[in-house]
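Chain nomenclature is as follows: A, B and C, assigned in order of appearance, with residue numbering initiated at 1 for each chain independently.
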Amino acid sequence: MATAQDSYLNLVSHPVAREIAGRFGLPRPAVLRRYRPGEPLLPGPVLVLGGSGADALAGPLPDLGLQIRRQAAHGERLGAIVAVLDEVAGPADLAASALAVGAALRELAPGGRIVTVSRQACETLPPAAAAARQGVEGLLRSLARELRGGATGNGILLGDGVDVDAPGVTGALRFLLSARSAYVDGQFLLVGSTDGQPAAEPERPLAGHTAVVTGAARGIGAAIAEVLRRDGADVVVVDVPAAGEQLAAVANRIGGTALQLDITRPDAGARIIEQAGRHGRIDIVVHNAGITRDKLLANMDAERWDAVLEVNLAAPLRLNEALLASNLLGPAPRIVCLASTSGIAGNRGQTNYAASKAGIIGMVRSSAPLLAARGGTINAVAPGFIETEMTARMPAAARQVARRLLPSLQQGGLPRDVAEAVAFLSGGAAAGINGQTLRVCGQSLVGA
Amino acid sequence: MATAPQSQPIRDAVVIGGNRIPFARANSAYTGASNQDMLTAALDGLVARFGLQDERIGEVAAGAVLKHSRDFNLTREAVLGSALSPETPVYDLQQACATGLETVIGLANKIKLGQIESAVAGGVDSASDAPIAVSEGLRTVLLELGRARSTKQKLAALARLRPRDLAPHAPSTAEPRTGLSMGEHQALTTAAWKITREAQDELALASHANLAAAYGRGFFDDLITPYRGQLRDGNLRPDTSLEKLAKLQPVFGKSLGEEATMTAGNSTPLTDGASAVLLGSEDYARRNDLPMLARVVDAEAAAVDFVHGREGLLMAPAYAVPRLLERNGLSLPDFDFVEIHEAFAGTVLCHLAAWESEEFCRNKLGLDSPLGSVDRNRLNVAGSSLAAGHPFAATGGRIVATLAKLLHEQAGAEGRRGRGLISICAAGGQGVAAILEAC
Amino acid sequence: MSPAAGTAGFREVRLPELPSVPRLLAQAAATAARERITGGARPDGLPAVRHTVADVQVDLEQLTRFQHLVGGTVRDTLPSAFLHTAAFPVAMSVLARGDFPLPLPGLVHLANRVSQRRPVHFIEPLAFSAWVENLRGHHAGTRVDVRTEVSAAGGTVWEGRSEYLAKGVFRPGLDSTERPPREDFRPPVPTARWWLGPEAGRDYAAVSGDFNPIHLSTLSARLLGMKRSIAHGMYLAARVLADLEAAAGGSHEWEIRFAAPVYLPAAVALRIEDLAGNGHWTGSRFTGWGEHSRRLHFTGTVSALA
């Protein structure tokens, strides 16, 4: 659905061009494995490495339709390698698992997955344990950069009191193994609670849920609306009245309802609650609406600064307040906010935008306990370079650098890659993930 | 005695909501868009607003005043091109400028009778994509050619063709029986009621101010879906003033000389646009989690004899409204909102003057005393046709959706069920009035 | 056929069929020319003859074209103006007689008065008869009334009286009347406007058979001393009646009096108003004038027959 296109990627997908690109040392980005309902979770069996934690982790996996291998068999293409490192207590504990993964890497199929499962390093730990746990992150992030063929590496961090067989861990693992996480690379998901449950209908995990998506007339917002609908949600798409024609087209394409609304209006929360509330309750809210008004800070004016902060940060803050104050939030509400890698690593000319997006990350972290008290979660998704109408307007050279050189996947993401992450965080399987910011950036250098 | 056939008891029909595309001045944003295109856009926006995708609506009715012969099934074609279920039945209707309101009335009645659960009423008109016909002479020759069997007959038919027959005929807003345009007719009525230029300009100014204010507070956010880059009604002039309006030259009734008062500022321009209104039974609205804005209470149509000089062309609503009020035991102050279609400022003011006139009310309406005054603060409070423009058949849908939302807002704010009156004049000396009541 | 009152003693001339108007016009023009050369005198009085054509069948196609041209509805009953038109050749045959005292070319139409007794269906065989009476003076010449009757199934269904003026022709024994004071005409508020193109005269000639050159073109009109072609008086009447006869019903009478001729092309403003303002229609008054010239063209009334 995205009108923006990566023609280089299309070109080098052709065998001859691919050969030429290889001879000249040009990047040879892979066509990423992307989710289609009904397809197997992985292109091959999953090798689960580790001790007793690995056994516990592997327990529910056959239910996901996966074949489990506890040891690599030579010559068998693996769909994924999961390294369970939940018991590392000192630096020496890393070697065995790290090298075992390394030995099996050759067998990893294109589009394969590496997932580490380890415990979160926190201040209360003995230094050696904290060092080992933190070490896993460096190991995984570097390993992810060594992967080719559209394979990705990500990690799951277990919070205090969360075991490897917690539903949230299974849910996160399923997401990371699946094609839904195609452009998520080098990232860690923290499962902080034992909440969550597998979806009754795995193909329609959001069935019966009502979702609101702001900024849904085009680009990432429209993709989010489509994916939420594909996953079963009733979707209310919101955008400014001026984008109403495209918004209506999105609503009619996905079978949702359109709400033309400037979210900076004082009564925006009330209007959203009124329209979405018709369905009885609001289960999912995706704060996607955002604008850019780029200028070097030296040239920045109040109008540009205020507009960006108002739309990107102040409006979501007000909407959340209104939602939390209403009695129409569902029993397990999910709020997902769109942050940005600019908000993490900064970006020249985007002081206002980066401030607003970093603000989102702070808002999410601080709002997490409020949502938890209501049985819900709030998280952010931080996209990197995504092929949209907005990025299509970037200068060509900057666009190629952003696509090719920065992400280890050597390509920009698609709006639906962001949407898949949003949909995952909106579902019951992600109940244990709260207050987090998940980057969907193809492991861009930006922000490490 | 035979038993009467079993029928459903009369129930309520409610306005659920509406949608229109912004109205554009003729030959501007919608040039090239046909009636079918615009009606489809209005329907699609309505479908999107209320999640009606692939839904089989009980019935859809709409129409256009300026209609191509190819558009004999205009509304059905629009529905087939829309996101509604292709199994939705449809009919076309035409009652000149009252088309839109009449579709609401007819479909609401079907809902009230239990014949359908849901309905979409609407209308569309394009002055930019107006049909152009061949002359009567050419048409006659072409028809005869079609009937001719032999070459000789064909040549005979062709021989009757005259050069002047080749000139195309564009439609005009002239009344067929009088040859006078609507504006010229109204100019005569305006002069007969001695409506001043100032009063007309003030009404026009109020229309622009009210429409601009309604946009400003986001009133139209859920009533309009942009189309072809047109975000707002193209005729709206938020910065107009009495001084600017006073500078305009009269365009109608020039034969009246000094008495000519009707300008482009206090008359509606030729406009393109489309509107649609979603109606349903209360049960339908509840089952589908849809809002209920207002009930369609009652309606009345009237017509006047303007051919024989007995009444002004656009004065029929002046007769429809009193009849409607009497049947419902209501008087003008019982209405919280009064929507009088501003075909011309003079039309509205002549109606107000007529209802205040003892002579008119006694002689023409048979009333003992004047019908009364309309509180100007309740008149066209969200603007009307002078500011929004007037794509003939689309105006009824605009007014119904606007009034229903006004009533719903008021009910929410004040907690009472207010009433609204609609009055729309139409070509051919016709007029339709209707009452809505907040749910 | 029973002769109407006032024609007792008239000789009845039965014509075998409807005469051709162009031929009558040509014949009358020839007579007039010959008179100018030979100085032959016309009789002083009117011929006491009554011309009659029986068993006339209306041409349905002509009826349809007539009804469309004057803006009427195509119905199976005959508009009263159409009956005037249908019977016109018979009237013309009287005016073209050698013993008719006034020259036919240049006769000016002053007024019409018509009584339609009942609706006439197009399938009814009709008898037309015509005679002249009431030769009298006028400040600009000599006037005469042309009477026409239409009968069907043995009874009179339609009666017409057309008043003509022979401009500049003064007959001995007929006093010329005083020129009446010119009335100041102030155009009232119109209720309609007709746009009459230059072809309006030719078009009406084609459906009525009245090919008088003064209606056909500027050139032909100039030959007869007009500055431009003028609209047929009966066309103007027929257009007003198209709007009013439906209200008047099958039994009504109307009259029209012509003031200034309508030179083509023209924008004619029209006002129609009720005779009585009591809400019950008893009749309408109508006035036509030049929208731009503001000169009065015609006035008239239509009313129900008691």
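The definition used in the following text is that a residue touches a chain if its C-beta (ideal position, glycine included) is under 8 Å from a C-beta of that chain, and two chains touch if they have at least 3 such contacts.
Nothing here was measured: the structure is a model prediction, and the numbers come from that model.
Student: Could you pull out the chain whose C-alpha mean position is farthest off from that of chain A?
Tutor: Following the centroid criterion, the farthest chain would be C.
Student: Could you tell me which two chains share the largest number of C-beta contact pairs?
Tutor: Counting C-beta pairs in contact for each chain pair, the top pair is A-B.
Student: Please find which chain has its CA centre nearest to the centre of all protein CA atoms in view.
Tutor: Of all chains shown, the one whose C-alpha centroid lies nearest the global centroid is B.
Student: Measuring centre to centre with CA averages, how many angstrom lie between chain A and chain B?
Tutor: From the centre of chain A to the centre of chain B is 50 Å.
Student: In whole angstrom, what separates the CA-based centres of chain B and chain C?
Tutor: 45
Student: Taking the mean of the C-alpha atoms as each chain's centre, how many Å separate chain A from chain C?
Tutor: 92
Student: For chain B, which residues are in contact with chain C within the complex?
Tutor: Interface residues on the chain B side: 164, 175-180, 184, 188, 191-192, 255, 306-310, 363.
Student: Help me check something: in the complex, which residues belonging to chain C touch chain B?
Tutor: 71, 187, 189-195, 199, 243-244, 247, 269-274, 279, 281, 284, 291
Student: Which stretch or stretches of chain B touch chain A in the complex?
Tutor: 41, 44-45, 47-51, 53-54, 83, 218, 220-222, 224-228, 231, 289-291
Student: Tell me, which parts of chain A touch chain B in their complex?
Tutor: These residues of chain A touch chain B: 234, 241-245, 247-252, 255-262, 265, 267, 271, 274-275, 278-280.
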